[in-house]
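Written below as structure tokens is the structure these notes are about.
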């Protein structure tokens, strides 16, 4: 009996387990949609009731699934404290903690329920390629994330000295300038803060010319590492 | 007779069929320009009349071409329900449906006429490279589109919790926050919605640092797949 | 005598010609700076006089260089109508045309003088790599520029139908929508026009998800072609 | 004695020197955080006192480290005028120059203290990969930076002629137009300046279509050079 449940829940090479996995994925999607709909303020009470019903149902299924996973695990504690063991628990915990208590005060806790979506990833075989690629280029990615952070900090200090006097409300401290630096160097450019002095504009000119090359490198590293790790499989 | 029309319409290796293909392409371009001009509100009635005349002419030619394609096709039904068969029909259908009826109410249907431009692609030999490249990297592209969608959803939920209280008009629900997430993670950054709380800004900081690397990966995959599929042909 | 001038002006493998080329490059830079400074409105008359003097000097040198190039060319007419022959002429022509005539009315003609900067490129040996790379990938670049143009047009038509009723001042016709499409798909996102209806936002969501992958491909093709054409030389 | 200090300060292959390097790195981070906090205007006097104390301590340690580095260097003058010798001095100089003098007037000098963060880079072994990659592709990077600059200048002149009459406050001279050109071609797009005339918009359309391909090339070159120089080491 335990072996059959194990085959259903853990191993993905038979028809039964594939149906089970697809059902769980559909339920995760339904629970995400429900969660998204519930944040709309002006819902009618009846719609809210239906959404609450769907949520209760999905949480009960997830709880059953969580208990089954603990039951079939060879090393129960190891599963409970594994990455997906914790995510599985976090996906159902906010629901039970909210029972009988005022929901509004626990609103922030619901944020954790979002981890539920990570479960979608578990079943995806191709994900292993990505993990391997990230691991092989880990050192370079960290180095360039570090250089990017230095560059962002350097840009923030520079713009602070140029713009602080002219726009004290936008560039009040280096913390505020950091917001400008990340929005500019990632080329998002909302337009809420931008330099207005000649010095600040010239500084931005050079930071953009040099900076964009640096900031784009981590992307290039991930991309090339991925191509390398994918290639052997496709041959 | 049927064989000669078939050679003219379907096969692209003789002079006659090349002239035919170029003429159809020019007509498609003319019909696109006509369609674009017609959306200008303050046109003079005479200009509108001329545009209408050009449109009638192009549609008649396209109809003739469509009927010829059905005539020469070996399996007529297969052509009618093929991708380009449907596009050919959609390119002429709105014109006939609009006859005698009020045009304004059918305005949305004209949107379909846009499919006409896809016909331009049919004659392009180099397109096959692209299709092959997309097919070879299909699995990776889908995986990263999926990860990108998770990231966009995750960002939307995060910013909703940080900014909902401070800017209820811009971050009213997770649906509204999704608009912010796509505009930010694609680095478009219109500036219509952006975080103003310290928490929201710090959250955006980290989402941008991590997220841009993820979002740029599908582009890298397409690009590398294209290079691989193009290489053998150019040697 | 003619051979010595030819060696000085045309061939770049002796010391004399290198000094000559560097002098011309410096003069081009000076003339660009002069041209830029002249566009400042509130200059003092004396400064303007000095700038005018520098300009006259550089144009005289460029004229002498142009005449020498014609003199040493084996096929004079071929040089005059070559790419750089025309640019050399366009670089000096606006100056002579402006003599004795009102300068303000000829202001637009001065725009041509900008071509002068292209002369900087002539002396750059490494430029050949780039030209070779572009040539080898010409077909793919054109195909993707074409697909990008179709995508931009398609986006413009789509947003026109979604936003025309809600924002008639920004999305008055497909021409106006094209401005939105190019600014959005290149991720510039000024924020002067953006969708406000739910339909327009959802449409933008999908266009950005699909479109950014397509728009970025020409860049990837140029980049990869460049890497390939540079490699053999560096070994 | 001198040899033991040398082993501690300069060479990074024993436990003692690693502990020393980590301590210096932590101190650099602390001094950066202190510096950032001090720019907040409405700090309480006591907090300012504590920050000042931490700063004094870090500067004293950095001074001691600087003197030790001079002491153990074989060629003392060569170290003092080396890149990191100058940065080490600039990291502590502003502190001593500010003693006893009015701090406000010396505010700009504190900008130099930012160089302190570059010291973080010194200890990073993986940095060598990056330096090698940059060196191997130096010629191509410079060429494309140059082409990018020409393109930016060309765009600025073009938009100046199109928009100067319509928006004299934003496109007053080519200098002002250069700000628009860099913000647009790097796709930052703050939205503080953008074309409003039809001519300016059409010009921007073509500049973006062609320009983005050119501007993105230096990034591609750095990225590919990095991949090449990293590969042999990882095998």
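Each chain gets a letter, A, B, C and D, in the order it is written, and its residues are counted from 1.
What we mean here is this: a contact is a pair of C-beta atoms (placed from the backbone, for glycine too) under 8 Å apart; a residue touches a chain by one contact, two chains touch by 3 or more.
Note that the structure is a prediction, hence the values are computed from the model and not measured.
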Original post:
For chain C, which other chain has the most distant CA centre?
Top reply: A
**OP:** Could you say what rotation angle superposes chain A on its sequence twin chain D, using C-alpha positions and rounding to the nearest 5°?
**Re:** 90
**OP:** Between chain B and chain C, two touching copies, which fits better, same or different residues at the interface, with half of the numbers shared as the threshold?
**Re:** different
Original post:
If you average the Cα atoms of chain B and of chain C to get two centres, how far apart are those centres in Å?
Top reply: 29
**OP:** With chain centres taken as the means of their Cα atoms, state the distance from chain B to chain D in Å.
**Re:** 42
Subject >> chain D: positions in contact with at least two other chains >> reply: 187-191, 220, 224
**OP:** Enumerate the contact residues on chain C facing chain B in the complex.
**Re:** 136, 139-140, 143, 146-147, 150, 153-154, 157-158, 160-161, 164, 172-175, 184, 187-191, 194, 201, 204-205, 208-209, 212-213, 216-217, 220-221, 224
Subject >> Contacting residues of chain D [partner chain A, same complex] >> reply: 32, 35-36, 39-41, 107-108, 111, 114, 117-118, 120-121, 124, 126-127, 129-130, 145, 148, 178-179, 182-183, 186-192, 218-220, 222-224, 226-227, 230, 234
Subject >> Contact footprint of chain A on chain C as seen in their complex >> reply: 187, 189-191
